[in-house]
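Below you'll find a set of structures to go through.
The same subunit A turns up in both complexes below, where it pairs with subunit B and then with subunit C.
Our next item is the complex of A and B:
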């Protein structure tokens, strides 16, 4: 089947404007995007730049934007794309500077990775080998990362804030913080709880949706956050936000917007919200504190909370970390 | 045609700050003959923040919502994408893993409750696009919105994670576009339609959140939109209530009215702007509602 592949070409060094170029190829059943690119580079245009190595979704080199979203070229077939979208459009990964054509500068990706110190630091030399398979299961997914950069390319927080730690590095952070042999989990979580850290995730779910290896970075971020709260690292807006939501449900079974704003931001920053609050009130949108009715059956909600509080207490008494 | 009847879960936002969405939904469903039954016991889903606090507690409290619907022998209908995502994700986990269902039920038993793990959840958007049907919907339209170019704002939680949600296609979403067409309006195509509004970090990293909101609005406007429509009250809070802050940050006037899904449907069904509580929006829709 004769099809057209539209490829975004850029050569920032030439200071030329990026443009789309169409290449016509014979696509066969099972042909991957990478196979098509190799054919084009071989037969039509040897200057076409893209990264590749293993061709079997192991090395993570060939991630690019295929019909709008980050995927591996070696892991995506041409014909299903044609059937679904009517065309195949190839662009470099988003959220990264383009070096040439489909190649981006991954230096920021590696810098973010290095910043979470991706290596195990046991408290003492003897404590390096003990781990049950149950313990391992908790960090299993986060070990499957092939560093392709798809998640960081899709991340909406990173799209706006280039300093954000990003899903790849945070999933890697959980791989070590969630490791029972790690000795400095608390220190690591302290560091991740600062500005541009793990609480800046917008929960857009792109990372988990498009990861080719099912690493589920958003789940890792949730686990990091839970661990930080349980360890008492709560002096930041993100943890306060989660805590005030939880307390609101425990108290009235539902969200108490006014209390939540106040508890998350604190007194002084809440004062800054007053002009906005007045504008909201003019449209009848100001949430009213204190008169919030609670849901029916609060005794049930309280009983459920109690079972978990007892669980946490038992864990503390037995000396184990949650 | 089977009678459509659901246990109605508007979500916390539409009980207070976006209660216009709740009112519009009730009126629209009445006009279409979709029956909604209130859930007086339903607790908050946790909006993801409860999952941050404790995943297992979140499972149990979401199981409690499904357990209530089970006693009513009804599927749940929500009008909030975040509730949809949180509850669907919990439900997926309990369906896929017996140990997680047991974990939730152990906690529920302390409150004398039980959940079978077989509950179903849908969104008003999906009901209109599929169960009620687009053809039937367009036949009910008495005032086709032919003059309106509407930018669909799917946002995140009606699309991802697709393994929990299962209905729309995150790479090629169609439900909201199809409903806009059924109402006689013209959908506007733009990249930001499946991206994040910024709501989740409004109180955590306001600068990033407001810039994000502005970016989505400005893109929709540049592509020729007269207004936006969203199936999520949290997206509405950012796109409408935070639009003034977004304008300040971006240094440009945007002025795009934002509708809740039910409001746009209501207007096309001939319900009044007053019934749809349009004055509750911070960005006025006066110029574009006829």
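Our next item is the complex of A and C:
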């Protein structure tokens, strides 16, 4: 079947404007995007640049934006894409600078990895502690990451803050913090609780949705956050925000949005939010600064909290299983 | 913390023929390369890895089934050694095999200390599964992604120990003067510039050359670069004719289905639904050594009992739960690349090129015949695999001999002074590269590559004979001539993927020639080398290693005796 593949072409160092180029290829049953790219590079245009290696979804080289979302070229088949979208559009990963065509600069990606100290630091250098299958299950998902960069490409928080650690590095951080042999989990969590760290995630869920290996980075971020709160690492906006949210619900069964600003930022900093507050008021978006009445059915809310608190007592982190 | 610098961006100031000096340069960032780097960096050496891909992209990451080690009291290193030597069809050097099997348990523990996790049995011990050619279930694993687990743990450690990474750099020349390694010349793919990296020692860990064959499990990057570099620098290549064809490979894509699928109890069936391995290996059946199973499959297919050029791998009887737990990647790969869910249907598989038993001749500490040049992993031939490697022994070799090469390098570097790096190396390499970029190509290189892979599969595949091998050799020589006139459409300096592919093709043509030469000379059948015109093993004339050396442009064959210490060669039956 003859199909068209549209590829976004960019010259190195943005020497010229990017443009879309269409290639016509004979697609066969089972043909992958990577196979199509290899064919084009051989027969049509050897100047086409893209990364590739294992072609079996384990090396993480060939992540790119395929019909709008980050995926691996090697395990995405052409014909189902055509049937679904009518075309195949290939672009480089988002949230990364383009080097050429479908290749992006991954240096910031690796730097983010390095910043979370991606290696086990056991309390005793000999590291003689043994793990059980249950221990391993807690970090197994994070451990399956292939570092393709798909999650970071789809991350909404990274889009507005390039310094944000990002889902890939945070999932990696959980791989160590969740490891029973790790000796410095608390220190690590302390560091991750600072600006650009784990509390900057907006929980949109894209990382988990587009991860080609089911690593579920959002789950890892949630585990990091709850572990930090349990260890009392709460002197930061993120933890305060989460705690005040919980308290509000526990107290009245709903969000006391006005009070949350004060509880998250503290009184003085909240004053700085006044201009923003005025803008919100003008748009009719200001929540009532009054004391909110309890919702009906607080008994149910209380029961839910009780169930969770008991569950928590019975077992520590539920692990990487979502 | 971490790496002093891991990106090419930070070293741009070295551009323009500047010379950077390290104590040791490791070419290749897979398991052997990273394992040796850790050893060097831990010892305080200024250590750099140069690789055409970022380390975690290396093909070691795709290893599935596991890594062998005698861990239990009912098993022993000597039993592991006996299995390995028998699997090798008695061509393995037994001193080296002894080191491999003796140190296996130590290295499994070392990996665990670094942070590796393993699949575990009900008692919490490292689980071990049966593998081909092994008399005991001694293959440790992490589900069916053991290589991925090990690669990422080693990557973590190279970051921890501050190993300098030159990623997306391709090495074009080993600088060897007076039979001593002086450093390398590499092209930085981002800019297309050539750089000189000077060092006291070099460790080659570039992996295999599966891409010289049409059907291969290997990554697109497995192009035998290190072997070709070593050959042109004057190192000996050993036993290049021994190519392992893995029995269970998906058709068309060549994607690997782990031996673990059979280790967990999977059957191989022909078109009549018979477990045909009962006929070829009555005792071991599906778990005979890989050469035996691959040949049996080919025989079934050739005799008309195949299914569309394949046989069937049936794991349905293991049940969905076990498949999801132990073989989840296999299930995913089968669904994505063959459109078949192994829970419901048997997987069509066929033999495909998988592993190179041969490589750069190296001793048990990785030393080659060039001073300061070491080799480890698949690119080396220490000879622990002889004529046929057992599944689960390649990761082990990479880890054990990667570590040992690192340790030996440390001792060497500490007792050596830095040699000169004459300018001539750079000008020669520049001249060559400029020539490739400038000339008007008579034909595109991919045509030559495709003809090479077809010729190698046809003439140097599972079954070989004199006429075929001669034809193959003639073909490769013709392709080499055409390659000299071929060139590039892309004349750009930076991100020139076509240039990289061209340089890789040059390496593959060199490697192909050595495979054919070795195979043509070896008038016997042993392990993976199966000559239809010489169907018997011939210990009288051929119980010896093949050496190939480049002497001023001509390839010369030589032979070396096999080291036999404990186990006498005997007939091999499974």
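The rule is simple: the second predicted complex is superposed on the first by the 272 of 322 C-alpha atoms of A that agree within 3 Å, B and C clash if a C-alpha of one lies under 4 Å from a C-alpha of the other, contacts with A are read in each partner's own complex, and residues count from 1 in each chain.
Here, contacts are C-beta pairs under 8 Å (C-beta built on N, C-alpha and C of every residue); 3 or more make two chains touch, one makes a residue touch a chain.
From a predicted model like this one, the values you see are computed outputs, not experimental measurements.
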Which superposed partner A:98 touches (first subunit B, second subunit C, both, neither): neither
Which of subunit B and subunit C A:5 touches, first, second, both or neither: neither
Which of subunit B and subunit C A:33 touches, first, second, both or neither: neither
Partner chain in contact with A:165 - subunit B first, subunit C second, else both or neither: neither
Touching partner for A:110 - first (subunit B), second (subunit C), both, neither: second
First, second, both or neither for A:53, with subunit B first and subunit C second: second
Contacts of A:78 with subunit B and subunit C, given as first, second, both or neither: neither
Residues of subunit A touching subunit C in the complex: 12, 29-30, 32, 38, 41-43, 46-61, 75, 77, 99-101, 103, 106-107, 110-111, 113-115, 117-120, 122, 126-128, 130-133, 136, 139-140, 143-147, 176, 179, 181
Footprint of subunit A on subunit C - complex, ascending: 1-3, 6-9, 53-54, 56-59, 61-62, 112-115, 117-120, 124, 145, 148-149, 152, 155-157, 159-160, 190, 219-221, 252-253, 255-256, 329, 332-333, 336-339, 444, 446, 488-490, 492, 494-495, 497-498, 501
Subunit B - residues contacting subunit A, complex: 12-13, 15-17, 40-44, 46-57, 60-61, 64, 85, 106-108, 110-113, 156-157, 159-162, 170-172, 191, 195-196, 198-201, 203-205, 207-209, 211-212, 215, 241, 244-245, 279-282
Residues of subunit A defined as touching subunit B within the complex: 67-69, 84-85, 156-157, 159-161, 164, 195-196, 199-206, 208-209, 222-223, 225-226, 229, 237-238, 241-243, 245-246, 248-249, 253-255, 257, 260-261, 264-265, 276, 279-280, 283-285, 287-288, 292, 295-297, 299-301, 303-308
